[in-house]
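What follows is subunit A paired twice: with subunit B in the first complex and subunit C in the second.
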Partner chain A sequence: MAKEYTLRMGDGKRIFLTKERILEEIEAGTADAADLGAIAALSGDQMDKLAEILMMPGKTVSVEQGMEVPVTHDIGTLRLDGDQGNSGVGIPSSRLVGCMMHERAFGADTMELGHIDYSFKPVKPVVANECQAMEVCQQNMIVPMFYGAMPNMGLYYTPDGPFENPGDLMKAFKIQEAWDSMEHAAEHLTRDTVWVMQKLMACGTDGVNFDTIGAAGDGDFYGTLNAIEALRKTYPNMYIEAGMAGECVLGMHGELKYDGKTLAGLWPHEQAPLVEKAGANVFGPVCNTNTSKTSAWNLARSVTFMKAAVEAANIPCHVDMGMGVGGIPMLETPPIDAVTRASKAMVEIAGVDGI
Partner chain B sequence: MANKEELFKELSDAIISCKKDNVLAAVEKAKDELDPSEIIENGLAVGMNQVGILFERGKLFLPHVMMAADAMNAGVESLKELMPEGEGDSKMGIIVNGTVEGDVHDIGKSIVSTMLQSAGFEVYDIGRDVPIRNFIEKAKEVGANMIGLSALMTTTLPGQKEVIELLKEEGMRDSIKVMIGGAPATTAWAEKIGADCYAENASEAVAKAKELLL
Partner chain C sequence: MGMPISHIMASGMTGIRAAGDLVARMEFSKNMRIGEAKEYVAKKLGVGTMDLSDEHVMRELREELDIGVITSVPGAAKGIAAKMNIEKLLDIEINCCDTFRKQIQ
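Up next is the complex of A and B:
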């Protein structure tokens, strides 16, 4: 009987596959990415290397010596002080303590301060508090310290915001009204983001991390690209990291453009040049995990997309790795065997600059 | 005179153009040569199916899908006087869709509602953070064939199970299909809580709803 290796499904369930099956899954996963993104599939050597990583006997694996990459961090300190509903472990700690633990105990190469609501809009009324917290962190820490939040353009729609929900408008076939609503929301998103970051830059912040850009579709991406452009003009030396929400920009609007390019439907390798053009220093590409497919299929697909993004970008790409992205299964606490294999593959095959 | 295949293609292409005027013109042209049911099934519906595929591949986007659905509705409406009574009114199924209590995520669920609606289902989107009992009451009110349950957080997933349990208590489970979705939901979770299916995305939700209801 052929030897079987322990892998996982995208939902984390353990499965056992032969080398032949693993290679078939890898071939199908890379072909899916190549087909959707019109990009090159992994070569035979790269597929063999990926299979080798997946079949390694250790519970955890690591990159080869000398291939270590920087690890940037998002979601502020919520993984410590947040509760389970917020992806945290519920350890009571101040944000200063949380930031310093990430710097000095967890090996984060950059860190960010984030508010419990973790979106730019709700930071507006508490921005003075955020500035104070940032100043204290800056006085105590060494690693680059950013302010992080999600653009989260959904907060500008009813019932959370002033503009009618385009989803509701579209269901009533009010397409023009839906477009208008998204365009207004994007303008407000740009304005609020720039205003919040102006305050934070005035108190010594090193930069900004945009987390989950495009979560509310192409309008969200549009508003954020304009915010990045405005911030870069105002602060030529500011550090701007732009991380995406998903692999493909959702076409909620469908016709918004940046730099002459329609934003809806863009894949990571098409997003990277626009993020760079807007003025970001680092791009955080994403590939979603399909929970009904194997980790071999998901990782091959993810590595294929990330490799294309790295090749298309002149700025560093720090791939988004975690629950349900980057070839990692969709579990609240992602299994270490899958996380380390995915990370090694991203560095050694996709050639990402950071995680 | 155009042959049948050419007319079907014109109808389908008109739907893919997402323009109501194009669809109405194509229907008008086809009326003399084809039966209304042929126009709908082999022309307009084929175009709508293609629109769904283009959406799934990121080539057409949500507003375009809605414009195509709107154009299809207009085309079907213009054929009503030629159809036997009642034939044009049939819906594919009635679906109540919402995000479970405690979860305020809306966008993915709204896309699913929109896609189901554009595929021909009668959809009642009851919003987000919806109390468990509201799903049951709405399903009773509209005579739903299916309930769609979305949850985007691991902590709100149990709400999907609670709706299924309540359906059983109310003696409605056998007559109503349950579809679940949302980032932390999986096929394994659907099996565990006794849902009829799990859909990975909006296109799959349409395909699975058709499988279960048609």
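Up next is the complex of A and C:
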């Protein structure tokens, strides 16, 4: 009987595959990305290398010595003190304690402060509180310390925000009204984000981490690119990290452009030049995990997209590798064997500048 | 917690245990790609790029340069004081250090 290796499904379930089957899955995953993005598939050597990483006998694997990269963080300290039934583990602790634990106990290369909702809009009424927390953190921390939040343009639509929900408008065939609503929301998103970050820059933050850009479609990406551009004009030395929500920008509006380029339908290698043009220092490309596919398929697909983004960018690329992205299983407790294999593959095959 | 710590152990530079914060600062402040950032920091520190992830090398060097370590060292620079030393070492400006300087003028 052929030897079988332990892998994972996209939802984290343990599976057993032969080497031949792993190679088939890798080939199908890279072909899917190549087809969708019109980019190069992994070469034969790269596919063999990926298979080798997936078949390594140890539970955890790591990059070769000398190939280490900075690991940046999102979600602030919420993974410690957050307690909403998601990835937060509900340890009662201040955000300063959380930041210092990441720096001094966990070995984080950068850290960030984030609001419990982790979106820019709800930060507005409590921005003074965020500024105080940032000042205290900056006084004690040494690693680069960001303010992190999601643009989350969905919060600007009814019932949570002032503008009518474009989904409802489209269902009623009110296309122009839906477009107007998205454009207004994007303007407010830009304005709010810039306002919040002006306050935090005055309190010493190193910069901003935009997390899950484009979650509400092309309007979300449009509003954020304009915010990045405005912040860069005001703060030439500000650290700006722009992390995406998915591999493809959803065309909720369809007509929005930045730098003459239609945003709807852009893949990571096409997003990178726009993020760079807007003024970000680091781009965080994403590839979502398909829970019905194997980790070999998902990782091959993700590495293919990230490799193309790294090649297209002139700025560093820190691939997003949280739960459900970057070849990581979609699970609150992602298996360490799968996480470390994905981590190694992204550095050694995709050539990312960080995670 | 398994996800971020797993990444740090598998691929990370381990922050101020070694020189991960310094390499990250060059990526963010000067848009340097990973190879260039490591070369720049290594040159400024007078070590090889392999040493940047070596806790044994960096522990002593960080103390000597007074740029912050993970444990308590009485009298050593911490927080903003350590970052002011990092500014000089890497020839960069750090926002919170600028803010601090303005406050004490």
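Going forward, the second predicted complex is superposed on the first by the 353 of 355 C-alpha atoms of A that agree within 3 Å, B and C clash if a C-alpha of one lies under 4 Å from a C-alpha of the other, contacts with A are read in each partner's own complex, and residues count from 1 in each chain.
Everything that follows uses one rule, which is that a contact is a pair of C-beta atoms (placed from the backbone, for glycine too) under 8 Å apart; a residue touches a chain by one contact, two chains touch by 3 or more.
Keep in mind it's a predicted model, so treat the numbers as computed, not measured.
After superposition on subunit A, the partners subunit B and subunit C are accommodated together without colliding. Looking at the shared chain after the overlay, A:330 reaches subunit B, while subunit C stays out of its contact range. Using the contact criterion defined above for the overlaid structures, shared-chain residue A:24 touches neither subunit B nor subunit C, since it reaches no partner. Contacts of A:353 after superposition on the shared chain: subunit C is touched, whereas subunit B is not. Greater residue coverage of subunit A by touch, when subunit B is weighed against subunit C, goes to C.
In the superposed model, A:168 makes contact with subunit B only, not with subunit C. In the superposed model, A:179 lies in contact with subunit B only, and not with subunit C. Here's the short version: in the overlay, subunit B gets within 16 Å of subunit C at its closest Cα pair.
Residue ranges on subunit B touching subunit A, taken from their complex, read 57-64, 66-67, 69-70, 106-107, 110-111, 113-114, 117, 123, 125, 153-155, 183-184, 186-189, 200. Contact residues on subunit A toward subunit B in their complex (touch as defined above): 9-11, 13, 36, 84-85, 154, 165, 167-168, 170-171, 173, 175, 178-179, 215-218, 248, 250-255, 264-265, 267, 290-292, 324, 330, 332.
The touching residues of subunit A, when paired with subunit C in their complex, are 60-63, 65-73, 79-80, 87, 89, 103-110, 138-145, 201-207, 237-239, 241, 281-282, 314-316, 321-323, 328, 333-334, 336, 339-340, 343-344, 346-347, 352-355. Per the touch definition, subunit C reaches subunit A in the complex via residues 1-17, 20-21, 23-25, 27-29, 31-34, 37, 49-50, 52-53, 67-68, 70-71, 78-80, 82-83, 86, 93-96, 99-100.
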